Every structure is written in C-alpha cells, then in structure tokens.
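In what follows, a single structure is set out as structure tokens and then discussed.
Each chain gets a letter, A, B, C and D, in the order it is written, and its residues are counted from 1.
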Amino acid sequence: MSLLIKNAAVYDGFQSYKADIYCEDGKIKEIGSKLEIEADEKIDADENLLMPGGIDVHTHLDLDLGQYRSIDDWYQGTVAAAFGGTTTVVDHIAFGPRGCTLQSMIDTYHDIAGEKAVIDYSFHGVIQDVNEGTLKELQKLKDEGISSLKLYTTYGGMLDDEEILKVLQAAKKSGTVICVHCENDGSIALLREEAGKEGHLTPIYHAKTRPNATEAEAVNRLIYLSELADYPKLYIVHTSTQEALNEIKEARRRGVKNLYCETCPQYLLLTEEKYTEKGDLEGLKYIMAPPLRQEKDKEALWKGIAEGEVDVIATDHCPFFFERDKLNGKDDFRVAPGGVPGIEERIETILTEGTKRGFSINLLLQKLVVNPAKIFGLYPKKGSISIGADADFVIYEKNSYTISQENRHSTCDYTTYEGFKSGFKLDKAIQRGKIIIDNGELRVSAGTGKFLERQ
Amino acid sequence: MSLLIKNAAVYDGFQSYKADIYCEDGKIKEIGSKLEIEADEKIDADENLLMPGGIDVHTHLDLDLGQYRSIDDWYQGTVAAAFGGTTTVVDHIAFGPRGCTLQSMIDTYHDIAGEKAVIDYSFHGVIQDVNEGTLKELQKLKDEGISSLKLYTTYGGMLDDEEILKVLQAAKKSGTVICVHCENDGSIALLREEAGKEGHLTPIYHAKTRPNATEAEAVNRLIYLSELADYPKLYIVHTSTQEALNEIKEARRRGVKNLYCETCPQYLLLTEEKYTEKGDLEGLKYIMAPPLRQEKDKEALWKGIAEGEVDVIATDHCPFFFERDKLNGKDDFRVAPGGVPGIEERIETILTEGTKRGFSINLLLQKLVVNPAKIFGLYPKKGSISIGADADFVIYEKNSYTISQENRHSTCDYTTYEGFKSGFKLDKAIQRGKIIIDNGELRVSAGTGKFLERQ
Amino acid sequence: MSLLIKNAAVYDGFQSYKADIYCEDGKIKEIGSKLEIEADEKIDADENLLMPGGIDVHTHLDLDLGQYRSIDDWYQGTVAAAFGGTTTVVDHIAFGPRGCTLQSMIDTYHDIAGEKAVIDYSFHGVIQDVNEGTLKELQKLKDEGISSLKLYTTYGGMLDDEEILKVLQAAKKSGTVICVHCENDGSIALLREEAGKEGHLTPIYHAKTRPNATEAEAVNRLIYLSELADYPKLYIVHTSTQEALNEIKEARRRGVKNLYCETCPQYLLLTEEKYTEKGDLEGLKYIMAPPLRQEKDKEALWKGIAEGEVDVIATDHCPFFFERDKLNGKDDFRVAPGGVPGIEERIETILTEGTKRGFSINLLLQKLVVNPAKIFGLYPKKGSISIGADADFVIYEKNSYTISQENRHSTCDYTTYEGFKSGFKLDKAIQRGKIIIDNGELRVSAGTGKFLERQ
Amino acid sequence: MSLLIKNAAVYDGFQSYKADIYCEDGKIKEIGSKLEIEADEKIDADENLLMPGGIDVHTHLDLDLGQYRSIDDWYQGTVAAAFGGTTTVVDHIAFGPRGCTLQSMIDTYHDIAGEKAVIDYSFHGVIQDVNEGTLKELQKLKDEGISSLKLYTTYGGMLDDEEILKVLQAAKKSGTVICVHCENDGSIALLREEAGKEGHLTPIYHAKTRPNATEAEAVNRLIYLSELADYPKLYIVHTSTQEALNEIKEARRRGVKNLYCETCPQYLLLTEEKYTEKGDLEGLKYIMAPPLRQEKDKEALWKGIAEGEVDVIATDHCPFFFERDKLNGKDDFRVAPGGVPGIEERIETILTEGTKRGFSINLLLQKLVVNPAKIFGLYPKKGSISIGADADFVIYEKNSYTISQENRHSTCDYTTYEGFKSGFKLDKAIQRGKIIIDNGELRVSAGTGKFLERQ
C-alpha cells in the first residue's frame, strides 16, 4: 500500500518547503522534489498546505458523568476530529466506579473505543482511588503504553493533597505524565452555595463563582507538590487565566522542571461576554469548567504562546445537547452539564486567529501537534513529517468559510464557534498513508483507528 | 503618680534624640531638654537607650496541647517577657474544646491570665469550629477589643479551604485581623509517615519532612483565598522560608492588599544545623513548626527586613522542658512536643544581630514594637513615645553579656539562644509610668498587667 | 527668645499626636501636654496641623542661563517658598563660567543669596569642568558644608561618561551626594532637529522629542557608572517616567546601593495634555525638562511613593515670565526658556492630592521634609520635630481654597497649578522659633535666612 | 553533478531521523529511506551525525587594525572554518578609511575575499562615518544583498548616541540588521588609564578594566535607542555578562521587539582565570574585548541558551600570533592586540559541552546554524535540511579527540581551546553537494566559495 503526494506546501511544525512525499506501508518513505515513483494512490496537493495530522490530547468521548453522558461516542467524536484535521486523540476517560483498578477502566475504554474509532487513539487513565494497588499500577500501565494519568482537585473524584503527593511520587518513579484539572474545590463550593442563596443563578454566575484565583491557587499548589516529589512530569490542563499562567511562569523562573501548560481554543477565542451577550439561555451553551474568562486572560494566553510558556492547545471536547441537556440549567446554572464541543474546530480556528495575530503556522503547529506528541510519548511516530514517521497528514486550502452547526460533524446541536470565519478549509486527512477524509467525505469506517502504545 | 526620666537617649522607632521624659498617671506628659519637674519617682537614664516597651504578638502561655502543656504560665511567662524588655503580649490562646464558642475560650483565658500577668496583655482568639455562630462572634469579639483571630492550615484544629474562606469573608466585614499558621497538612503528614517507615526518626527529619514548599504553598493559598474575600487583613505568622517570603513579595507586587508578614528570631538567628551539630538529643531542643531552615532562608528573611517585606518579629514562645518533655522524642522526633522558649531573648538578640548587620535601631524597633502595635490595634496607646501614649519604656545599656540558662526567667530548663553574646542589656522596664524591672529585679507582683481592648 | 505653641495636632513625619511645644533659642526644648511655661511669644495652634518646616532641595533661584535668567531672586523666591510652607531650600546654583573653580561659584552664590534669603538655605555645587582641581574641591567643599553636587548629562555644561565616572569616584571618597539631571543628550538633539525640519514646533513636540526612553537610558547609565565607582551616593533628580523609575527599582533589586529618587509635583499632578488642552500658546507655560508625561507615568510615580521607591518630592522651581519669556517660543517651542514656578505650591498640592489617594500625611512628609533632610545632611537639625532640633514649623488649617496667580508670591505672571483646589491652607511658618509668616503676612525681612553647613 | 548520502543520522536543528539524502545541482532533492538513485558521487554516512553546514556570523578575516592585522586571510581562515564544520561565514569587515563610502569597503572586501574563500561567505558592512551619504547607502547595500551592518560604541571608529540613532532610524526603513559591539567607551578609557598609573599592567587587568557594568550599560543604551527608532533589528554581538543578558531579558519582557543576542564559545567555556592560571605571559593569549568573565557569567549564558534568550553562538574569530604579536603586551596588557582564534573550534566545543549539560543537539544547532541563517537573511537557502535548500552538510563522528595546536588549520601559533576534549570529530564537510573536506583532507582550492546575497 503506497501513496504519493505531489506538490505540497509542507509545514512540518519547524520548516516550510515545497515537496512531494512518498509513503509506503503507512510510513513516510521519501520527501523530495518532483518524485517520480509508482504508487497505489496519488494525490496532487496543488500547492496547498500539508501539515502533520492534528493531535488532540484532551477529549472526553462517551464520558459518563452519572446524570449526564457526553454525547459524542467514539465513532461520532473521532469522525468530527478527522473533519477537524485531527488524526490522533488521547482521551481522558471517565472515573471508574470507586474501588476499581486503573486497568479495569482502561479495559472498559478499550471496549468502548476499539470498534468505533476512525482515527488513532490512546487514553490517559484517571485516578480517583489512591491506594497501594493503584499506585503500583502506574508502572504497569506505563509498560502497556499508558504513560499519562489525570487527576482532579475538584469534583466528586477529587484527590486531597496527600493523595496527590502519593501519585506524584509514584509518577516520578514510573515516568508517567500527571495531567491535572486545577481548581480550588472548597472556595468554589462556597461561592456556588452563596450564589444560590442570593438567587444569582444565571450563567454569568458560573464564571463569577469560579474566579481566577481559584485556578491560580490550585496550579500553584500542584507545582509545589510536584517539587516535593522531585519534579515528575506535571501537565496543567486547560489553563484559562493570566494568574495561573503567571504562576507557571514564575515557577519556571525559579527552576521548576518538567512542567507543561495546556490551554484550549475557547480560552483563546471567547470571553465571559458569551454568558450574557445573547441572553441567559444562550449563555448555557458555554457552561464549562474552568469558565470563559476576560479579555485580559485571553490576551495573556496568546502572549504565553508567543513567549513559549503555553505548550499545548487541546480542546477539552465534551459536548452536551443544548436543547435536551444544557437547558436544564435555565433556572439554575449549576444544574446544566459542563462541557462544550470543540474537537472539530481546533485547528482551523487557531490557525486563522493565530496567523491573524502574526504567529507563524509552524509555531502554531508546535502547540497543536508537535508538543502534544512529544509530551505524551507519541513523537516522532506521530507529530513529525520525517522519514520513518507515520504518514499522518492533513491538507488545508487557504479558503475562507464560516463555521456553523450545519457543517459540523459532532452529534451536538450547536457549535461553540458558530459564525467564526475560518481562513483554512480541510481538503484531505490522511492516516498511515490512507486517505480518510477527501473533499468533505469520510472514506473509512468505524474501528479503523488503532490504539497507540505510548512511551 | 508621676515619673521623671532624665538623660535618655531616646529611640522611638522613628527618630533618636537626647531628652528627659515626664510621665503622669501612666501616660507620657512631657518630653524635653533638662526638664525640672517634681515627680514621685525620678530616674537618671545616664545616656542609655530608652525605647518603647516591647510588644510580642505571638506567644503561647499556658497552652494546653492535650498530651503536653506549654510550661510558662501567665506569671512566669510575663516575667520572662518583662526581663526581655517586652511590656505587652498578645497571646494565641488554645483551641477550646470543639463546639465551644469563641467567647468561652476568651473567657477561659481571662481567668487564666488575669491574676497572673505582670505586663499588659491581650488575646488572639483561635477559630477551629466554623459555623454560623462562631462567624457571628467575630464582630462581637471585635467590639470587645479582640480584633484578631488565628487559624491553622494543619494540626488537629485545622480548617479546610471552604472554612477558611468563610472566616475571611466574616473578617472582611468585622475588620478582624486573621493570623494564619501556614503549612500544607497533607504533604507533611505523608512525609512524616514515610520518614517513620524508613526509620528516619532523628530531629533533622523534623526539618526534612516539612520542606520549604509546604510553607510556601500554604502561604500562597491563603493569599488567594484572601483575594476571594476581597482582602481582609491577613497576617502570616512565623514566616520561615525564602519561598514563602517570595510568595508574599510577588503577591504585593500584583496588588494584594492588607497582607502582613511575621517572622521570629529563631528563623533569623539559627539554622537546621542545630538539629545535628551537638548530637540528636540536643537537636530535640529545636523541634518547632515550622522547623529551622537553611542559611539562604535566614538571609532572605533579613533581606526582607531591609526591603520592608517583613513587618513583625515576634517569638512564637512556647516552651517545654528538655529533660521531661523534649527527650520523649529521643527515638522518634515526632513524639517530642513542638515549641521553643524565646520571649525573653527577642529584643536583645535582634538588636545585637540587626545592628551588626547595619540596621538602625529604629528600623528594628519598627518590627519589634511599632508595627505589632499598629497591625493589632494597640497604636499609639502602645508602641509610641509621644505625648499621651502609655508610659511603657525599656532602658538598655550597650553592655555585652552572654545569654545562658542561668540568667533566664522562663520556667524552661534550657534557652534556645544559649551562648549568644548580646550587645544590649536591660536596665529598666517601665509600664504605665511604673518601674517594673530595675537592675535585674522584678518590682511588681502577679496580676498587675492589664487586659488591653484593641481597636 | 522663646516661643510656646499650644494645642497643636503634631505630624512629625512619623507619628501624630496632640501637644504643646516650647522652643528656646531657636530649638525645640519641650513637647508636652498642657505646658505652662512663660514664653516671649505664645501661639494657639487651635488643633491645626503642625508639621516640620518644608525642605525643598531642588530650586533654581536667580539662575543665569545666558539668554534668560530665572525670574525669582533669592528674596522673592524664598518669600514664595515660605508662603508655601518651606523653610529651607537647597539650590542648584548656576554653572560658573568654564574654567572657574567650584569654590568661586559657591562664593558667588553666597553673595547673591546671603543678603536676600528670608529662609534658611544651602547650595548644591554644579560641576561642569572636570579636572584635577575641581575633583580635589569635592572634599574641601564637603568640609565647608557643601555635601552635594549636581551634574548634567545634557545641555551645554554636560559631562561625558568618563568625566561622570571621575566625579563619582571622587564623590565616593568625599562622601558627596551627586545629583544628576538624566536625559540622553544625543538622541534628544536629533529628535529636536528632526522636529524642526518637519515643522513640528508646537509645545507638544517638546514632549515628543524627549521620549521616556531618553530619561530611562540616562538613569540606567548613571546607575552603572555609580556601580563602577563602588556606589557613591547617587541622587536622580526630577524622575518623570515609569521607565526611569523601573530602572531604579530593578537596580535596587539587584543590590545597587546609595541610590535616591526624586520626583516633582508637576509629574505627580499634570500630564502632557497641558501642552495642548488650552491651545499652543498656553502650552508654552509648561515647557520644562523633562517634559510633562502621560497618565501611566503619573500613576507609576504615585505607586513608587507607595512602594517606597520615590524618596523625595522637590520642585525644580525655575520660573520665567509667560508674556515676556515663554511666548518667545510661540513659533518654535525650542526657543522658549525651560522651567516652571512651583516653590510655593509643593506642600499644599501634594498633601491635598496625596491624602485624596489615601496616603497618610506622615508618609507624604517623609518625601517633602524628612528624606530631603536626611539625604542632604540636614537631619535632625532640620526636618525633625524632636528635642534639640531647629524650631522650624508650619501650621496648616484644613481649609480649602483655590490656587491662582492672584494669591501667589513668586515674581512669575502665572502659576503652574492655576485652579488647583487645595485642602490645606498655611496659617503660620516658624523658623528657629520665630514666626516668619502669620496669617498671610510676612514678618521677616531680606537676609534673615541662614546658610546651612551640611554634613 | 549529483551526490547520494546513505545512512545518515540526520539532525536538522529541529528533528532527528535516519535517512538517505540525494542532492542535485547543489540542492537537496530527496530525503528518504533506502534511496536507490544513481549519483555522481556516493557517501556512506555510516550512521554518523549529519547536520546542516555551520554558519559563523562573526569573524574578522584579514582585518586591518592599523598596527596589527588579523593573521588569517580569507584562504586560511575559511579553510580553518571548513575543518570546523562551518560552510558559511558572514564577516565583520574592517573600517574603511574615514570618509569612504560603505560601498567602497564592501568592494575592497570582495577583492580580498573573492579569490581566496573556500566556503560561501557574505559581509556585514561597518559604519563609522554617519552622514547623509552613508545613511542612504543602507538601502542600496540591502538591495545588493548586504542586509546587515555593524557599529561600535567604543574604539576609534565608535559612533556617539546621536549617530547611532540616525543609523537605527535608517535601518528601520531599509530593514537592515544592526550589529553592535556594546561597551561603554569613557569608563573603560578611564579605568585603563588608572590601571596604567597604578602599574596594574598584567593581563588580568584587561578584565578588571572592562567590568560587567560597562557591557550592560551599553547594551541597555542601545536597546533604548532602538526603541526611539521604533525597533529596527538590533543584534548584540558577543554578549559576555549576566548583567547584559539580564538587560536583554528585561527588555524583552517589557515588549522590546527585534532584539537578538549573540554570545561566543569563549564566554561559554572559559573564565578570567585564564589570565592568570598559567602565568601572565600565557594570559596574553586571551586578550580580547569583551574579556573573559566569571563563572557566574558563564553559567548565566548557558541558562540563557536554555531559556531561549541567547539566539546565536558565533566566534568573533580574530587571531594574532602569540610570539610575534601578543607578547608585545608582556609589560603592558594594553599593547597586545585584542582577539583570539576560534573559527575551527566552535561546533565541536559547543556540541561537546552542550550535550554534557543535557542540551539536545538540535537545540544547539539552532544557535550554531539555524538562527544565524534566519536572522541574517540566509534561510532556508542555508541552515536548512529541506527540499530545495543548498546541500551544505557536515558529518560528525561521535569520536573523542583532544584539540591542540598541532591539529588546527588557522595560521595562528596557538589555540584558545588547547587540551579541550571534544566528543565530536568532523568526518566530512559538503558544500552545495560537493565534498570539501573528507577525512581530514581539503578537497577544494582557493576561490571556490561563493558570495551570498542576503535578504
């Protein structure tokens, strides 16, 4: 099985050049000028942008939250991803029932995902029970290619400081990356309760009851705990505030190591005005945690990208129906499920807004593809256009079009970025040398995605 | 009742000048040159240093810790204070039994202290039960002159983040100063448990199991929680690390208000070498929390004094017998009671070391007397040499002598500063115009100290 | 000769208290409550504010600039000062003719000032010829009580870096304070020339051709040169920009010593809008160097006061007639003489605006009186309300009135602060125990001011 | 003319991968796995490291200094470069005679270099006469491919601040990069004169008379001047001190743009101990400006590499004979010519020390090859391993050997890095698809290097 791509304007995350690319057995075999090689399939990229396939390391597909379940399953979610130029996801799986092993959660997700995924995938385990058994599993999971775990400082499955430190100590030994959702639980609980008492129940109070300090505090706490564990790899998910980013910057300046910072398109593109500008009902669409923030935070995050302080842009894709689910919060924002769709919009929105702000496409690809691959043990198999790497590509035209619910592929009945004018339009997505999307059509079926053992 | 002091070299915390001082009815009535006024009592200060009476806002007299009780009661403790040039203490009283009101704890301490104190005094309440009732008491206590409260982020009576935020919100309304003992509870618990398992039980492990990050984390957390409560007065007790001080500095730079920083002589004069240099048994004498730190921390704290980042030097005086109590920890540092004597040594050690480092006496008095008075609502009644202020003075000779157990007045069987060469020696202590110490002799009896209602 | 002041609300720059003050032979003899002492003169302060007499360490009286001469001579200038609550000036005298000794310049100014001054005074020498002779004079002048010198990095008498370093080296030995006017000469020259070519000749171009970077650069350069001379006392005059203040802050953080920062009321109260808001002609009134800056600079300077980074507020008083002198610049701002009146407005404007911003009167007096006295070797003779200090006081009522040209005492035909609503009104000024201003009337005649030998 | 390289371990400054590379007509044509292509020449890289050819943007070949002339001409200098893995130099040519045009200097160097260079080359012009004519030449030279210029803040041809600002303004328009040698002229002149008077004439006084502050001051000054010219491209050459690097960092933090920082191997590998450790005569070998610095500076520069603050590592290669030239300074360091050889040692020393410190080879190549190419308008023709780029490569074995005078190719009679144990040994150098060095032998002759027009 071979593929020859002609006339590509290659952007590999580092350099850009015109080239033809020849792939064999799912790998990149030759990059050259005017290659004349026989191939089973041949594409003319026609001077369009060819980039490594996108890697989204923060998704919640088919996530069971008890009362709610995120509405994209592994088929629909990965289809939307593919249409968004993403050919690899690493999903934050659900908490298992308390008392179960990490392995059993992973096994469950292998079952859920395996037959459905149309793109390659892996999982971050989620740890909520810290005990001798689960701590020992870190090494075991690492050996099986699950080299990252997630924990929460809030919500039902949250860990306390002692438990977190135990996890970090174990991760230091096994080399596991620990992803953390950082929010101060106690103060948010109190502020929500107070909002309730005062009848402050419209969506804007979702933002007001999770002030910036609640994120910054938790980020700082995690960093100090990581210091106590001699700096295992610590990855802060969905950083949304200037204050949290500043804690990360200051930490790096004082010598903290192995610290990674993720943000998401919603924090780079939207602000808390969304909770009010089209009325309270519409505001429910943007209930997510952390909430949308202010202009100054948005700008600080873009500055963090420029200064190299933000490492990754992932989505936290976790959609719920507006009509069926979100509107339950119409009298009380606290009842609406938290999460928004985004898996399909990540690359086109960030390339559009990023280049408008003067960032190079290659710099943006660092955040969208290269760093995610490196941090989570996928590189250079994924995330690289180089000889021997997986032949995962996306080809984008510089054509503008408007994002809207009609042209989305998620199950969701709305898009977070309705009306966004994209300057980039996906032409093709290629995985392991096979065209999976071509000119708006899916060319693979459920189950063709492969599980990725990570280092 | 009147007193005339002749020929004083006055240091009032701001200025120095030669003067005579005339006091009437316990107040400063005249300051002048060559005053010729009839007075009931007359002193010739003989060009010695006359300063406002010392104010120690962090003591633990007669503190019931369950298994142990701090061994200086309100008589012996205030006598030692007076011999150390301190004429006012504000004591961190014990936790009451769970469920009791704050008022009942205060009442208990009025009973304990009232008949014994030889110097003026007040209390910080300690809050361990956060509920509607105790939160309402903040205003009530404030009205009665108890304008500060303490809480802990560790130990049995610790509060969690939600409770702390509630206290801070209430304090914002009542104007109460919240003093906080900042250490990360969970990580210290784990490190101590691990030390136990590994047989790391000598006193140096007391320091190693409370690393600098555990203090800095808690300080930062408190600052963010105070931000959530719109900046009530937050007072960090016994700051011991460069890292915690840096968090305070950074917070002030980003605009955090009403934040105060205390340190203690032990952190300015001693380092963790004390845990080992004379053997493990001797090391037990220095078990206290936070523990002694490293040279770099000591130097950072002095720099903090120079830069105005440290506001107060208090003692955390909390003595236990070495032979009877501390030595219980000879096989396991965790069994030894935590706390050291220091109420008597504060002023002479800090003046000696401080002037050696080039600090002016007046700057040091800011930290020892003026700021404590201002922050805790005692100024200008206490802490000021000005017309109308309480006539509380201490007169020091610039004579050197060596601090040793033999010349101490605490009940304790050792001094934390054994062998320290002091360059200052107390000649007299005067309270409300009355000489209470004269040339090494106590001239008042138990119960002459007065309770101070603070603003 | 004695004076008794009754019922004063004393603000001494450190503390405030109610007291009576008794003075004898020009010195403070007693401070007390209800003093009953016979005195030659007796005042009832009537609970008004009594503060130490103001000290203005940056004035240009009778300054010969060649084409122009500042229009307040030592009589009219010191009268205006006294009406502004200032009882001591230290004047930056003119450059002598090139080649003359520093001593001869000082002698000249003794002649000019001696018979005219109505308040006490001293001089900063100005050094423009750096040679073996003048360098040796630093020690000699110091011995005679001239303990500070000024140099310029721009204008005709400017020194180059090598000369500056020589002066700083000599000052390190003699202990002389070196005051520096910091602006980058070459770039301002070029920008002015370019403005000329482009016909940019209205007053706003005075500001635009001296951008913030020109000040910050020179400040930084001086700090590095002072480092090369092992940190003699370096005093930056009229700091006007956030950027320059930041250089000072950063320098202090990296350990630079003996560095002092002055600003002036014009930079704390006015902005470059003055150059345009009432038309270009009116704008000429504000031609001074450095020029008025932007809102952000003004705010940064007030923040610098709060953070202790600004040490002194002086005036740079250097008036010229609007009609006769300033209007010469009506077709070309470069022709107008640079300088504004301000000696009379300093204390009342700063107290008014400062207290409105929440600063305490005592903190403001640190900048207006205490620090100038300390830095320039006048303290505690001047700048202190303490036993033995000179009996220099000003008494202010908290009465509001509007500053206007009609109620000024400078020779100048306009005031920089026309229309400013002051919240403080001078009642009396007292020098060495003698009332020199009383209820709007001058009670002394030319020549009663004394030359002050400084340490 | 074609070349096939088999089995290379490619390090392209971004990624590493195993590949074969096929070049045609001097360009990279194909990169692939197991390429089977007929080629005129074929190399087996044998799994050795293949990197883009080195680019040294700071050399002084055949530099006329009046009394002295740097001893490597364009033949011997470029031969040494090639043996050091450098296939492109951009040389800082000499000052022309005062009054000549920039063009005439460039022409002169075309003559000097053209017939001798064995590798590709370009020039930075040097501007010492600032006038309307030379300022206009910036655009003209830019159009001819001379897109960078150098100026000095010290030495005979130095510019003053006004002239520098004029150059920066012109450079802003033409897009020319301005390289600056930053040292404070006046203070160094004075310190050297004083050293002379005091008989401090051994080589260590070369370092002592150019203290760190002299560099930091000039760097800061240039940055402010660049701000006044609205940020033309400003490139600080041979940054040698922590203080200067800090000024660059701080500037970037406050938003300064288009600022680049170069350092050199001597500042990353050697310290001022070299001036004394083998005696004063030996110390003369290290006379260069700026001088060698202290350990803390060296470490700060490596930290700057880690943090992305240092952009380029170039050599400042400027050799003089030890016996004939340097020893002239044996009684007075000021007489010895300033400059050291280094063109041959750059890549091997930095790769060796850098990888020992944990830096990746690709990160080091950013500083050695990629950034120099990008900043100076050579990229991606030079500095890139991508389709269409010039086929300039160097192949290194990971073999250790010791650098010594015997194995050098410069004319010089000593090497700055005598005894350095290199972990990398050049196997081949290839330029435009042609092998120019093979296994220790030069395979090209004088004049084969080509002049590079830069963007």
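Keep this in mind: a residue touches a chain if its C-beta (ideal position, glycine included) is under 8 Å from a C-beta of that chain, and two chains touch if they have at least 3 such contacts.
Everything numeric here is computed off the predicted structure, so don't read it as measured data.
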Steps needed, at minimum, to go from chain B to chain D via contacts: 2
Set of chains whose contacts include both chain B and chain A: none
Chain A and chain C, separation of their C-alpha mean positions in angstrom: 60
Length of the line joining the C-alpha centres of chain A and chain D, rounded to whole Å: 42
Whole-Å separation of chain centres (CA-atom averages), chain C against chain D: 51
Chain A, residues touching no fewer than two other chains: none
Interchain pairs in contact, sorted by label: A-B, A-D, B-C, C-D
Residues of chain C touching chain B in the complex: 10, 12-15, 17-19, 22, 27, 29-33, 35, 308, 380, 384, 386-389
Chain D-touching residues of chain C, taken from the complex the two chains share: 160-166, 184-187, 189-191, 211, 213-214, 216-217, 220-221, 224-225, 227-228, 246, 250, 254
